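The structure under discussion appears below in the form of structure tokens.
Which chain is which? They are A, B, C, D, E and F, in the order written, and residues in each are numbered from 1.
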Amino acid sequence: MLLEPISSLRFGRLLLTGAAGHLGRELRPRLKRYCDTLRLSDLSPLEQAGAGEETVVADLADQAAVESMVAGVDAIVHLGGVSTEMPWEPILAGNIVGLYNLYEAARRQRVRRIVFASSNHVTGFRRQDEVVTTRDPVRPDGLYGLSKAFGENLAQLYWDRHGVETVSLRIGSSYAEPKDRRMLATWLSFDDLERLLVSSLTAPVVGHTVIYGMSDNRTTWWDNRYASHVGYRPQDSSEQFRAAVEARQPSLDVADPATRYQGGAFVTQGPHD
Amino acid sequence: MLLEPISSLRFGRLLLTGAAGHLGRELRPRLKRYCDTLRLSDLSPLEQAGAGEETVVADLADQAAVESMVAGVDAIVHLGGVSTEMPWEPILAGNIVGLYNLYEAARRQRVRRIVFASSNHVTGFRRQDEVVTTRDPVRPDGLYGLSKAFGENLAQLYWDRHGVETVSLRIGSSYAEPKDRRMLATWLSFDDLERLLVSSLTAPVVGHTVIYGMSDNRTTWWDNRYASHVGYRPQDSSEQFRAAVEARQPSLDVADPATRYQGGAFVTQGPHD
Amino acid sequence: MLLEPISSLRFGRLLLTGAAGHLGRELRPRLKRYCDTLRLSDLSPLEQAGAGEETVVADLADQAAVESMVAGVDAIVHLGGVSTEMPWEPILAGNIVGLYNLYEAARRQRVRRIVFASSNHVTGFRRQDEVVTTRDPVRPDGLYGLSKAFGENLAQLYWDRHGVETVSLRIGSSYAEPKDRRMLATWLSFDDLERLLVSSLTAPVVGHTVIYGMSDNRTTWWDNRYASHVGYRPQDSSEQFRAAVEARQPSLDVADPATRYQGGAFVTQGPHD
Amino acid sequence: MLLEPISSLRFGRLLLTGAAGHLGRELRPRLKRYCDTLRLSDLSPLEQAGAGEETVVADLADQAAVESMVAGVDAIVHLGGVSTEMPWEPILAGNIVGLYNLYEAARRQRVRRIVFASSNHVTGFRRQDEVVTTRDPVRPDGLYGLSKAFGENLAQLYWDRHGVETVSLRIGSSYAEPKDRRMLATWLSFDDLERLLVSSLTAPVVGHTVIYGMSDNRTTWWDNRYASHVGYRPQDSSEQFRAAVEARQPSLDVADPATRYQGGAFVTQGPHD
Amino acid sequence: MLLEPISSLRFGRLLLTGAAGHLGRELRPRLKRYCDTLRLSDLSPLEQAGAGEETVVADLADQAAVESMVAGVDAIVHLGGVSTEMPWEPILAGNIVGLYNLYEAARRQRVRRIVFASSNHVTGFRRQDEVVTTRDPVRPDGLYGLSKAFGENLAQLYWDRHGVETVSLRIGSSYAEPKDRRMLATWLSFDDLERLLVSSLTAPVVGHTVIYGMSDNRTTWWDNRYASHVGYRPQDSSEQFRAAVEARQPSLDVADPATRYQGGAFVTQGPHD
Amino acid sequence: MLLEPISSLRFGRLLLTGAAGHLGRELRPRLKRYCDTLRLSDLSPLEQAGAGEETVVADLADQAAVESMVAGVDAIVHLGGVSTEMPWEPILAGNIVGLYNLYEAARRQRVRRIVFASSNHVTGFRRQDEVVTTRDPVRPDGLYGLSKAFGENLAQLYWDRHGVETVSLRIGSSYAEPKDRRMLATWLSFDDLERLLVSSLTAPVVGHTVIYGMSDNRTTWWDNRYASHVGYRPQDSSEQFRAAVEARQPSLDVADPATRYQGGAFVTQGPHD
């Protein structure tokens, strides 16, 4: 059952990239209610367009394809590109070259606002006993986090120089439920993800704002005090899943980097030899 | 129906200035419950005094009148003076000379605490994508905001030098309901205004404390972290009015100063040629 | 009736020191549910051990006794030592020498985590119109607060150098109900104390974290923003007791140091000639 | 002998107000070298105009007189008004009404930059063992300091709203030499005052900048870190006068407010009954 | 004539990339004195290797070439890649792909320290009346600045994850002398550049440290307080060139973005259509 | 040859504790010039008293002896107690019990100011690539640093509660010359030590101030910005010794805790089994 809409505002045409991914599929029916036309794009095949939907297959690294994808949209929710740690080449193509192509298209076509799926891995080398604000220096935990930090800086540039507004969402762990003890802190329910996206799309002024995407979990490492103008108020909490999660993972080793750092397993996994 | 009182403490004689204004009329029955005698004052005519009430007509610019107005009171809620952008002369008379007269009278008559209606326009030139604390430098958006900044500094002086305590309330938009999209962020319900006033009057120690006056709105630009000792906990939210407000005002132009700055229309309106 | 457990994690053997004190007795049945064996220790006699309990009489100033007391435990809740303002000698013995003995024993026996009952009196010379974070410089209000500041620094050392984790709880006023107007700000309900302790014991990573122990009171002087990773969420509030407390203590004198400073009466009482 | 000019830039017509005062007289020959025409104004009689000089007698409280005084100038060095603690009426006339008149004239006549003689008494209630930056909240020590805080806020408003740039100089103690031990910290030599003024006039961008005016004294309470873009580098020090000053004033009483607070004797002297 | 060496420490083999550029040529004889062998690399032809020199032609975008270039070196001074605003493609190749290649080679070959020529354009959208520290959020003024921000984040990652140390130098304007009024603030003399490089190479511990590269100019916008452990003490100043610069450029327009922002002309120039 | 006195102020009777130690012997002739009578105390034998000198043998752990030692003095320079890492018992006796005895004696006998030799080891667990201010949380590197942190807190208490002023000097490495590369950062020349002591003794108001004691070394980790009111201006630098030091210790291992942390070898040495 869908959440009650948190805003009555509607866009004409909204673009959702990465629409075939796990968050894209979750958001497809949700975002439809906030626009007349929802354009869905991905490199992978998409389910057939329904009423008020359009589908586009586009490679973000292909500038012309991106230009077409962006044509005529009022705002963009950008989930596209690589969404986990990967070797350098796909990250370069999807998250660096691809993002540049997206913002250039947005600039040329005067798209006013982008909601950019950044990641908590931008600050994954903070310790789990530290609390981080969105103005503290970044400490990416891998190439993926590095590419998302690039994206945030690109968004800042396009606001300062070209007037394209962005909210960069440093998404925690958005799944149906938290899978391990780390996610008790980082979990973002799908309903809260919708709340965050819609707040970001409809807040009157955002310039370039960075905000962590998490539910109202009992434990947290992230402090959104500089983003209260976005109007995001999470309503869910990972607490209901605590007993099940603790049963699966009763003990953790503080000396393990995956426990000590906020990025979890990302701080050690990856393509490095 | 009146709010349940948030404190059982009672003052002997409490002075409410600006009692004929829109907030003064709203607060009259509310404050009555926290004192034995409520003295009401204004330059404009007031409704006849009821049981436990006294009325005084006084021009704040008239030092002798102010002295009489203050005689015998235990605490002051000061809403008097000019409460919106105006030409320099009335602002000078009401908010600068008038405030000096009020504090001089309070000093001489050993009034222990004043709750001073300052205004969010003290920081109206902050952008709507900024979050401001009460210790950040002021940036008034007009002569009205400038006069309120003067008032806060005067209050600080009378605490540091003369031991008169003040809570300066940077009131947002206190109306029955929010009138436009800006007020979704700045709205202060009348019940929350009462909560704020009574907390400010009854907190054991305030010295000179500055606090923003807003309800628990989903969106906010103001961070009261340095005023938690006041004990103000808003219970209302502008969210219930969102759909109606958005229907009236679906789109805003980020390039418009009235949208970009927290002061809204105040940043451009005013008496300047 | 006991609170629903806030974590399903269980320790093998948990040590509770100061178990014969007023908080120790309150926590005894509560902590039992989070461990297989609860070892209780005090200098004073303890009630007979029940199922899953062990009792130890130990003087903290006696290193060998402390070593035995700590043997075989997985974690420690340390309430032992002096818990109020006292002459120098007992404070030195219980809170300085005793604490050193406890941490040395924990280091040698590889106890992984200690929850240390520090005190709000570590910052008792802050004014009641100031809001303090756990990273602000300490300002103890007496020898007791001084000894607790020593304990926090010792805990930091044992984390940095020896890998023993500690959460230092700057406990406010933990009683069945608040006794005076100061405690409306500082009160910590017994249920919230349990929430705080269990969060501190079970959070995945704490290093050395300092956190104020208070309920969700309307008024507060303490900002736990740097400790949100602990996952403490108070559920109680002193507000229900306000009317009764205010009836007992309607007026306070701002000029009285016991009103002006957060430490209350501690800032003037004590053994000094 | 005059200091080597610190900039080769020249203004067409420069206005120096308060030119008959002790700093005005000192600056008259110094500023002449940085402009084609130096207009000198005061309420008191001025020495006859020399080559490249113009003199104007004007009451700052007289709006028409101020308008004439400002006509045709490129920049203003504003020393005019009251420059010490005085009763409210002259401070109101000279430093509040007078300053409003000056900025209104500057706005209407498109004067681009004003150097405003504010005062260290804007923060005179800071203790002498505190170090203050120009972004910390103000704490005026009297009506004079309060009026200067008003001036700084007015300057901020005219920059934010009208594009008139100001450097607000919180001048310490500018005399030929320090007169007492407090001035060992607050002294501003005349040469350094010239350096400060000329830097403030010629820095490419200042918006509204606040800066403390002090020489490179061994002891200081003021931190100009946010004003390094002004390019002020003091070259003098009070140290050469230390022995003489200490001989005159060997001991100070820490308990005396005039010793404890940065404002010195200002914190207790004044027109209050 | 060369500067007296500021350290007696010597490296075995030091790599200088971008050695054919204007700073590379300036540094070639200077760095030679701090190493047994100076390896010089560039995409452009280099002057023939002298005693103790080696030359390598390498394209940073060619991973194998970079691997060879890095083989056997103890430390790297990386000036290579694009050093001014350019279209996206060369910036991508030289400063993003090229930098990744360099760090991967350094990681695999266990090079311990890199001095990375970042740029002040990483924060070029700060205003000239703001003072910026190296921990404030970045605001690049173009694609070049964006690529340098990427480089700083990459350096942070390789320190946090792989133990490769970097000092990122946000170089101002390093020329024989300042060319315009902006460079009076941003100038870095060649001698001071050497001081900065050698400090960065020889400081015992740097982790990843960011530092602005500027001489001891009278005016500055940059605060290196978080980098004092590097031990950089500039000895030169732009002041000696002031009169000549001001003669060439007597007036600036505050409304011009090139005057208002720290990045100067970079904030508007560039390849955008 | 002795430094020119930096103040002409003189004390009646000044007490120097720890006078037989290496700093005590160095300071004995220097401090004599700032007082009529210099009382020298130590547990070890002292050289015979000269003109204007008194000698006292006293054990700091003996309260009565301390009381006599303090009788009749105007100010105290406290170097006594343990001055390096040691087992717990002597640190407890000298630096905890002994310090308590000293402050109690000072309180009872109304000594107005103490200069307390604290230590940089109070923050020895900061990394060498961090810059620390005197308001950052302490991180002692051993029992010695822990005892000095206790001393600073005790000094704060005696100021807040009893009006005894203290300057706590976090002394770096005060020797005739720096002995290793760490001391290039931490060195405090004897002349600068005198400057620091005399500034601390003669500054008009210090309350309780913490300041790092270091010369004007090219490299530093410590930021004294909050202590500029003390008026300490170092004149020496370790730079003259750099070549000799680097020759002795050309390479350091960043992975070695003694290199990585500010406390140097203290972070691993000590009495722990």
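We adopt the following convention: contacts are C-beta pairs under 8 Å (C-beta built on N, C-alpha and C of every residue); 3 or more make two chains touch, one makes a residue touch a chain.
These figures come from a predicted structure and were not determined experimentally.
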Those chains which touch chain C and also touch chain B: A
Angle, in degrees to the nearest 5, of the Cα rotation that carries chain B onto chain D: 180
Proportion of interface numbers common to chain A and chain B (over half same, under half different): different
Where chain B and chain E are represented by their mean Cα positions, the distance between them in whole Å: 52
Gap in Å, rounded to a whole number, between the CA centres of chain E and chain D: 40
Pairwise touch network: line, ring, star, complete, or other: other
Chain-chain contacts as defined at top: A-B, A-C, A-E, B-C, B-D, C-F, D-E, D-F, E-F
Residues of chain D defined as touching chain F within the complex: 127-131, 181-182, 184-185, 217-221, 223, 242-243, 246-247, 250, 252, 254-255, 259-260
Interface residues, chain E side, partner chain F - complex: 7-9, 112, 163, 165, 199, 203-207, 209, 225-231, 233
Of chain B, residues touching chain D in the complex: 88, 92, 96-97, 100, 107-108, 125, 135-143, 145-146, 149-150, 153-154, 156-157, 160-162, 267, 272-273
